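Which chain is which? They are A, B and C, in the order written, and residues in each are numbered from 1.
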């Protein structure tokens, strides 16, 4: 069992800049095993930058600390973070023409497990994943994200998450651009992957996906900072009122008063 | 008008030191000019004719573009003696042709360049080339005499030169219009400096001429840091003219060079057009419309030379050929090893309107570093019969439909012309389209 | 260029292909070339007079012709024609059974996997070592179809009427300096004739090996595919790594008669001390199809532009090529399509990878003659750059003298994309493997066209070249 008092994932005073422009201005997160968190915020607030920086995108200058199972990982390149159990579901998965989904995934799964996965076993897992996400088997031979529709790309991201079995999954706007059926499939995938020993952070603009994936904690991210954290009801409020009411003054105040709610949620998760 | 045959000279015309010396004295140039001319002459003497196996000369005979030694001698001595200058008369005629409301107008050569009040008030300075030693700093920066045979010939023997200086920070609302009428032999040279942060539009208009006319022009554009220059080259020579034009913009840090070429006239017309991206943040766009018919021969070469990183360049050249006309487009993008983060695009589309027309396209890339984004595309095709049918089904006659389609084809270039010249160029396009559709 | 990089690369190649055998030759001509050497080669081969005269005339052309001046002049000028052996006969007879091939040579081809491949999936094999074909075989069932597949010298002896009819008709000696040299001193190569309406379902293969130092290999291949027939020919090439240069200068002529289909696949993996200056051209008659599948991985300088002359209506030509240039290599490759008949079509797909200080150039020509209405042609060039000192050039030429045609050309040059790298890395794939994956994906459209065994081999070659890849 994991250490109950130690968060599975944490970042402390994280600041992220690109080309000397400060995007994330100090973010703190603590996510425990078994938890699902949602990070919500308006467009342009820096959510995607935060997600990419947590995964180790080389274009960003990062200061502060990132801890995965207590181990500092901020100096590690992306592939080592992935091998340690971190996963980023991309908002815009990039196409790699000529590389088939099957070949790519087998290489990735082998890298994650530290040994080559036998082809037979891999195919069994792959097809089980396809079935769970209602993906056609012909996907295996298609080129990675090349010519995929938005929905297809997102399903493939979730499929990768199921196969790679991350301990901490970070999903960047995985719900955007999906019709309601695709959204259900993706949500089922997220719920399927979630368990007592791993954690998920959903980065999202809309509350919609939270109807299907119930977060334990909701954070509001604005202008490079987490301005407010609370329980699931915060998401509902955001849906009803938008982000504008959370101007900076109330946000700071709220941040303090809601610490209790966060603590309560944390206790629940540990219990 | 009768179609003229291509008249080529037998060899490179000789130019003597005496001719150049007399020319420089008569034009009242600063002594430095003569020394520079003589260095160019030495270059000219040393250079052989361009090799026809080189891509840039494979399709056009350099001998068809050079004046004969006799015509050149006649021209240079007449300029030197200051008499019998038929250009002056032509220039005067052009001058009258221009509308009264024509904004800031310069005219050369002939009865003296003029500026309108607004341009004068803004501090724009014009002068014959190299009357003061200030020009020494500028001449040859964009087109050195060593650049090639034609640059060397012009460098040794330009017979009408003009410097235009637009001071730092000045924004000219109206374009400067420079009219260059072709004489029997014309060797005009323009040197235009756009000062830091200044914004200007310059129209360079090549016109006039006759069957025997030969033009070898050089235009140097120095675009200082943060400046923006819109350069419009209109070539509307009479039918028989043979000419070689060199235009180079040297684009410094954060400066912007936007060039538009509209070529319609002449018998054999070759343009060597380029942007040298010499400072970070420099941006160059070259656009062109070429409309040919009868037995016209067009040869357009573009160069985008990225010397500095973080630079951008764009080329859009549209060519429509009718009758038995022929177009060659060659374009080179070169990105040096020390110019990372550069972006370069190039597009050349050719429309063949008649069975006898032809188009060659050679878009070249030389990319010497990896941090770049670079692509080019070229097409050659006739008018789509489906388009003609569609327009026909809406009641348009074939001529009308073709005119419409060609207008659509060149729209991407026409739309980017500065407003002040759109009408002029559109009129030339219309006139040519009427002639072209009549001649298909 | 970083010498340690080259050392590494050469070391890898050395292990797999770069071994050299001790020389134990029947005949080795002294260095240099002149009419005497030409005469010696022809007499040695006991050729008919017309061929002997053809050689001498071609030699005059070679001496007269200047070096091409439009390519990499510096490298071309470093070729010392006087420092090359123009003819080496390694054995005294050609074997049809591997057991009859001298041991050291047999071992060479065994290391290269040729006998094994022959058993598994080839219809016929010729193996050329230096100037001569040392092993040759064709499957009986193919032979019974009337298909002729021999080395070129035997072809000339045994089928003089066919050879003389087509010899030099596609590439005359005065085409270029190196075609002239080949015409003067040629030896070896393949001769194939496929009778009308015959489909050779499995590939025929030739393997070319240079072993000696300062060697010139000048094989000559002539393939005639008669009406409605089909053949796939594959060639591969390797050489040991020496500090001095060798020259490979082949001439390949293909003739596809009405409705015939020839596919010609090359995996060129010469060591990095070989000048590979090859002239390849095909004539495609009515409804014929020519496909050049051309992979250039090795050599110091390659200059090769497989051409198709589309001479009959509805003929189709394709060139699908990849080029890989590491430090110290220049791959100057491309394609030519000459549309000389109506309704002919062509397609060129070129992919190149420049790594380290490597340089790739695409040089192409698409020409449509007057009266060739209804032609369609499409050219796509894609260049991938890996390393800030890598270089890529694109020199396409389109000469269009006919209105009712459709000509399209597109080219892109890009760096290996950081975003792709990050995506793959975020899935746990390390940067070297990710780069290799992207490169393999980049050339996949080419690899797809290869028989499986070659696809595997090519991917392995690329892996070898990409190892320890410095971005």
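Worth a mention:
One rule holds in what follows: a contact is a pair of C-beta atoms (placed from the backbone, for glycine too) under 8 Å apart; a residue touches a chain by one contact, two chains touch by 3 or more.
What you see is a predicted model; the values in this text were computed from it and never measured.
Summarising the inter-chain layout, the chain whose CA centre lies farthest from the centre of chain C is A.
When every chain is reduced to the mean of its C-alpha atoms, the one closest to the centre of the whole protein set is C. Between chain A and chain C, the centres computed from C-alpha atoms are 50 Å apart. The geometric centre of chain B is 44 Å away from that of chain C, both derived from CA atoms. Inter-chain centre distance (chain A to chain B, centres taken as mean C-alpha positions): 57 Å.
Within the complex formed with chain C, the chain A residues making contact are 52, 55-59, 77-79, 81-83, 87-88, 90, 93-99, 103-104, 107-108, 111-112, 143-144, 160, 164.
Of all residues in chain B, only 51, 53-55, 337, 340, 350, 352-355, 357-382 touch chain C in the complex they form. The part of chain C that touches chain B in the complex is made up of residues 69-70, 370, 383, 385-416. Residues of chain C that touch chain A in their complex: 417-420, 422-431, 433-434, 437-438, 440-445.
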